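In this document, chain identifiers A, B, C and D correspond to the written order of the chains, with residue numbering beginning at 1 in each.
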Amino acid sequence: MTSAPATPRHARGQHAQAPGYADHKADHVARLNKIEGQIRGISRMVTDDRYCIDVLTQISAAGRALQEVALGLLDDHVRGCVTDAARTDPAQAEEKFAEFSDTLRRALRL
Amino acid sequence: MTSAPATPRHARGQHAQAPGYADHKADHVARLNKIEGQIRGISRMVTDDRYCIDVLTQISAAGRALQEVALGLLDDHVRGCVTDAARTDPAQAEEKFAEFSDTLRRALRL
Amino acid sequence: MTSAPATPRHARGQHAQAPGYADHKADHVARLNKIEGQIRGISRMVTDDRYCIDVLTQISAAGRALQEVALGLLDDHVRGCVTDAARTDPAQAEEKFAEFSDTLRRALRL
Amino acid sequence: MTSAPATPRHARGQHAQAPGYADHKADHVARLNKIEGQIRGISRMVTDDRYCIDVLTQISAAGRALQEVALGLLDDHVRGCVTDAARTDPAQAEEKFAEFSDTLRRALRL
């Protein structure tokens, strides 16, 4: 996690407009903030010498919640960025397809 | 994530002594605190309208880091709790085996 | 695994034309046939009382190979079916997005 | 998938006796044979140009079934090989713990 670069968005291959997840932004932030609290709670459980299995149960729950956010973002990205490019700009569409495939590969842990 | 109950540990089926991960406790806490920071950073990326794919890349990294903590705890649990029970108490060993299997099932997302 | 129904394709909500993976069909079939052989080999290892860990190593390899086929099909599906619908038929596009999201959820084991 | 070497088992670090999964051998073989049939069916679906999403649904089912076999073997391995070594041979136990950890890492796709 590095801090956001100071370069303008378009120079980082980003849309100047809202991202694909704009309509669900508040929902994604709320889920992430909840997950942050879950992780903090798990850290406290370890500090308090809580039983391994109880810690692992909470880790599974947090990991699943994180994958739910990823699923939501992948969904938003296909509906927004990928199909927009496919409709308007064949060359950019090819780039979006390849990028989406790489991202799916990481999400599937391949 | 509920707060720790006030009942004594042994009443929650826990060892009164240190948990199986005692030797790696500081390491697990450090990793979890780092993951907490990663999640906070991801939340900020969404707030800042960062590109979907960049957000997803960070989510994959945080999810992987969380699975690394789970692997470490599973490892500690087998070395500690499960084999201790297997050495000393056949009835408790059966319980530990079943509990470990349920936990693995969740970790494998089955 | 049920056998293919006798109903015509379009009645099953399929394209009468080639599927999204048409260009990679031979590659997908070759990979699947290889995986079938891997599974047969794993079954034989168990029959032959081979060591648990060696069997598990082969299961991981076959599972990963299967996820690679899934990734290829997801990729083909987005490039073909999803973006085709997005270009030509907004109502069908919505259906394709929802269907893709459900499929991703299963692939991510959520 | 290579064929079984001709060297004797003990030379490959295996128990001369039955493997950890001996009690569930028939069950594991039956599941694997069923999965082999699932993969063959998926290959046929692709050959028959079946809809991408239907193919992906079957791949998820087969992948999940394969992880169930892995879970069963991991379970048998901990109950058998790992705890046996822990009870009788500290040096071998250390080796078994490390080997189990590596196997879990692969099963969790880390």
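Note that in this section a residue touches a chain if its C-beta (ideal position, glycine included) is under 8 Å from a C-beta of that chain, and two chains touch if they have at least 3 such contacts.
Labels paired with UniProt names: A, B, C, D = Transcriptional regulator.
Quick caveat: nothing in here was measured; it's all calculated off a predicted structure.
Chemist: Mind checking chain C against chain D and telling me if their interface is mostly the same residue numbers on each side, over half, or mostly different?
Modeler: Chain C and chain D contact each other through largely matching residue numbers.
Chemist: Let me check something: if the centre of a chain is the mean of its CA atoms, which chain is farthest from chain D?
Modeler: Result for max centroid distance from chain D is chain A.
Chemist: So, what's the distance in Å between the C-alpha centres of chain C and chain B?
Modeler: Centre separation, chain B to chain C: 32 Å.
Chemist: Roughly how far is chain C from chain D, going centre to centre by Cα mean, in whole Å?
Modeler: 21
Chemist: Find the geometric centre of each of chain A and chain C from their Cα atoms only, then give the gap between the two centres in Å, rounded to an integer.
Modeler: 24
Chemist: Which chain A residues sit where two or more other chains touch them?
Modeler: Those would be 64, 67, 70, 74, 100, 107, 109-110.
Chemist: Where on chain A does chain B make contact in their complex?
Modeler: Residues 1, 4, 9, 12-15, 18-22, 25, 28-29, 32-33, 35-43, 45-53, 55-64, 66-67, 69-70, 73-74, 76-77, 80-81, 99-100, 103, 106-107, 109.
Chemist: Across the complex, what residues on chain A touch chain C?
Modeler: 64, 67-68, 70-71, 74-75, 78-79, 82-83, 86-87, 93, 97, 100-101, 104-105, 107-108, 110
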